[in-house]
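Two complexes follow with subunit A in common, the first pairing it with subunit B and the second with subunit C.
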Partner chain A sequence: MGKKDNQVLEKKLRVKNACGLHTRPATMIVQCLQKWQAEVAVSYKKKSVDAKSILNLLLLAVPKNGEITVTAKGVDAEQVLLELSNLFADYFGEKK
Partner chain B sequence: MNEVELTQREQRLQGYAICPGIAVGAPYLFAMGVENIPEISVAEHEIEREVERYYCALKSSRSDLLSLQQRPENDSSEIAQILAAHLEIMKDPVMTEHVEQQIRAKGKNTEYVFKQVIGEYQEKFSRITSQFFRQRVQDFHDISRRVMKHLRKDERCSLLDITTPVIVFAHELAPSDTAEAKTEFIEAFVTRTGAETSHVAIMARAKGIPFVSSVDFPDLRTELPELVIVDGMKGEVILNPTQETRQEYRKEQKKITRKVKSLQEVHAFETKTSDGHKTKLSANIEMLDELDVMNEYGVSNIGLFRSEYLFLARDHFPSEEEQFVVYRSLVEKVISGSCVIRTFDLGGDKLGGFYPKRHESNPFLGCRAVRLMLKERVAFKAQLKAILRASAFGEVGILFPLVADIEELRQAKLLVEEAKEELWAASIPFARNIPIGCMIEVPSAAFTCDILAKECDFFSIGTNDLVQYTLAVDRSNTQMSYLYQPCHPSVIRMIKLVVQEANQAKIPVSVCGEIAANPKFTPLLLGLGVHELSVALPALTLIKNVIRQITIVEAQAMAKKVEAFTTAEQIEALLNDHYETLRATHSF
Partner chain C sequence: MYKVADLVAEHGEPLGLELVAGKEGLKRKILVPEVHRPGLGLANFTKSHAVKRLLIFGKVEIEYLRDLTSEERFYRLKPLLSPKTPAIVVARRYRPPKELVTLCEENHLPLFRGSMTTMKLLKKLTGHLSEAFAPSVSCHGSLLEVFGMGVLIQGASGVGKSEAALGLIERGHRLISDDIVKIKRGEGNVLEGRGVELTRHHMEIRGIGIINVANLYGIVCVREKINLDIVVKLEVWDDTHFYDRVGLEDKTIDILDSKLPFHLLPVKPGRDVVLLLETIALNHRLKQMGYHSAKEFSNKLLKTIARKKDGKKR
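Presenting the complex of A and B:
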């Protein structure tokens, strides 16, 4: 295994949506991750969950302006983080 | 008074009397909802099956949602998004890997494990401080319920599993549940829902199982009463009866047994009024095992075989061959009489497992009975061929339910001709002049029965549907059931009209609904000129007794009198009075 296979990248992202990280954004995160291999975890206020689980993302109850830390591990970690930050920046396609 | 005494105190609950009779026995809670999930240990070699069962339920829930997505009314972006989210949540590792892992780790039945996982997550959600996020649990709740529903469908939660005599308490019973009830073990039914003429009630009456519905019974799981009494006459359910009450009811039970015995002596006699007017009395049959006891009741004709009941638990239409075997055994058992097979009466409140689901806002006015079968031509022809083939072994008639228009009768008859031709070409024997009948259960059919009479061989008046369509009352709506009045002048006039037209056209007419089995109606029906009454087996004896006690002269006088009445109450009072006098004079 090359070095890149195990690379772990971390990024802080801010939830800008009015309702916070609710069902629809959570669904979009999960759908986005399905395209990639990386293992992704999201942590907020010392709790860390598997980002592929909508239910667990909802349980974090991230409000508007809450800052989460996304950790991606795997060969495509970089692309995953890039795509996720785009989603967050775009308010998950909701009205700004 | 201490706690124990309190819980064991006698408690009387009032409901609707559906099927008469008295039962004293132990209660059994049947299919009482999600809370009532048993914890069952699963052997190691069966774990795979449990896991598979879970994934099957997920898959079925998924296809539910996918078909919901297809429906035009769900086209709005909001609903579409919710459904998409639900579909996504179903793929959630919590719903998939986690549940699977738990089933393997715990070695318990899927329902139990799944329920625990749901509970665990509901608890997590309930601890969230933000109300908005706390409420997200709703979606999860919805999905879990859907999955659980599919899980429980597979579970062998069946009345067939009961092997000791019990009184069944259920929130609601489905026709397929009652179809499976064995009379030696099921002593009585008690339900929270239900109304007088639902098909569940018909089944219970056919089997002679006492039944009280609309009983608001408490949560029995916490303190299961040792003994309960069901009084199907008064519509009363007694939990933890006192010694005194028990004795009273045991006496009552004995009295009923004696009465039934004395009534049964009439089985050997002919069915005619005391002044010699002969009437044909036939049996309504749903289950093949009823055939074995038919002879005991001294009846040789089947006036109505409800073919769909045999197959309600299926998820596909039975094959021609399968049906032929059933119909042939039916025909062969009726040695000296005839047998009328009604084609599948599906839809409405009878949603069999093999009924192709359609979404209708008003199923009783929608695609049911002959309307449905004319759309399912392949299945319809298979049934007609099976009946035709059985006609080579004895006297059979074909009866089409819910005919509302001559065109429906013509189309159905055309299909019979096609079926005949195909059998002819294959050199399979059948009775060429097989009688074809129309159910008269829609007002449009009643008012055009002179037209229908010219193109069919017999009529059968189905009063249950006729009453509900004439009076525009949903017969299973408990709040409206007071408007469901079989005595209503409109209903009586319609029966009279149909009988007159049938007599004019010289074709036989029978009555096969609930009122045929109600002894109070017997004189009136005979007086109106009805030739045949077709009733459930347990009612046969009583109806025969009534016929034998009355004269056709008094019956006709009664019909004449009723004509002048203006309200259902008046007619009902007359029928009641007459019946009470009859009972008093002949002590039954």
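Presenting the complex of A and C:
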């Protein structure tokens, strides 16, 4: 057991695509997180939700340019945050 | 190959067919699902006469032949009767001219009298023949009627198709066939599924054996055929696969060149497959009525996000 087991990492990400964090991006986030063990939470405007649930993510209704905070807890937290930032940076595959 | 004898066996009685001549010809093959009134052919115009079609003699044909001399009747009828012509039906129970009877007897061409009017006979025969010639396929799976929808349950052997089917029957839905389903494409690209005569309404449940559903649960729990509406494939839960969680994309599957809505349903202990199948059927009915739950939700969400963007609160 390394000390990485319970590490908690945090990162701020900005939603850049035109329609905000709608169904398709939320699905992509959940799909990306499925393979990792880390517990991931997303918070926006004081509301914090489980990032592995689509309906939870949608509840936030994050608009374009909204800034969210991702908290990942677990052995693979680092990779999780890296992959998520790539998704956000890529506009979730939508047109820039 | 569809033969004249098959047509008579299946539809002879309702069509009121009565064999007059050419009994030996009953084994003639029907090559095309088409019928034809010879009209012009009788008037000696035999260019591009469709020899493979089943011939129907109606009032006009019979009246026309009556006006001819016996010799001429022979001469006019002969070129119409090809070895490929499957049969001749005289409508309205007209008595066929004796020249026609003789020719049919000589050529072993089945000649019938039918009780219907010409147009009705034409329509019915075309219908029966196109049904017999419709493209069909046999597939592995259980076919049930769930809330009025035809649901085909597919999946690998042992995944629990029959158990799911039994659960649905117990809940008051109907079994069409378990294990083997014959699918036929009818008019308007409708896919009609039915069971095979021998195994119809029988099920094989591991650990129990073969049961007869119609006897066990009553005749209300079975039906002969249904039009397919949805295909559901059961699959053992795969942790690495990302299953549909939103339902915004409508997936389809091709059966006999027709597209059918398709759902991949993962199975694992604790998932009530019967309830899930019922939900799929109901949600699909809702979609047919114009309400798409996932799309409706997505639109509502987009509106909420858009309102926030305007800087207004809530």
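By our rule, the second predicted complex is superposed on the first by the 95 of 96 C-alpha atoms of A that agree within 3 Å, B and C clash if a C-alpha of one lies under 4 Å from a C-alpha of the other, contacts with A are read in each partner's own complex, and residues count from 1 in each chain.
Criterion: a residue touches a chain if its C-beta (ideal position, glycine included) is under 8 Å from a C-beta of that chain, and two chains touch if they have at least 3 such contacts.
Please read all numbers here as calculations on a predicted model, not as lab measurements.
Applying the stated clash criterion after superposition on subunit A shows that subunit B and subunit C collide. Of the two partner chains placed around the shared chain by superposition, subunit B and subunit C are both touched by A:Gly20.
By the touch criterion defined above, A:Gln31 lies against subunit B and subunit C together after alignment on the C-alpha atoms of chain A.
Using the contact criterion defined above for the overlaid structures, shared-chain residue A:Asn56 touches subunit B, although it does not reach subunit C.
Once chain A of one complex is fitted onto chain A of the other, the partner contacts of A:Lys64 are limited to subunit C, with no touch recorded for subunit B.
Across the options 7-15, 25-33, 43-51 or 61-69, subunit C meets subunit B in a clash only at 7-15, per the superposition defined above. Note: residues 19-20, 22-24, 27, 30-31, 54, 58, 61, 63 of subunit A belong to the subunit B contact set and to the subunit C contact set alike, using the contact criterion stated above.
Interface residues of subunit A facing subunit C in the complex, by the touch rule stated above, are 19-24, 27, 30-31, 34-35, 54, 58, 61-64, 66.
On the subunit A side of its complex with subunit B, the touching residues are 19-20, 22-24, 27, 30-31, 50, 52-56, 58-59, 61, 63. Subunit B contributes residues 81, 84-85, 88-89, 91-95, 121, 124-125, 128-130, 132-133, 136, 139-140 to its touches with subunit A in the complex. Listed in rising order, the residues of subunit C touching subunit A in the complex are 240, 242, 245-246, 248, 294, 297-298, 301-302, 304-306, 308-309.
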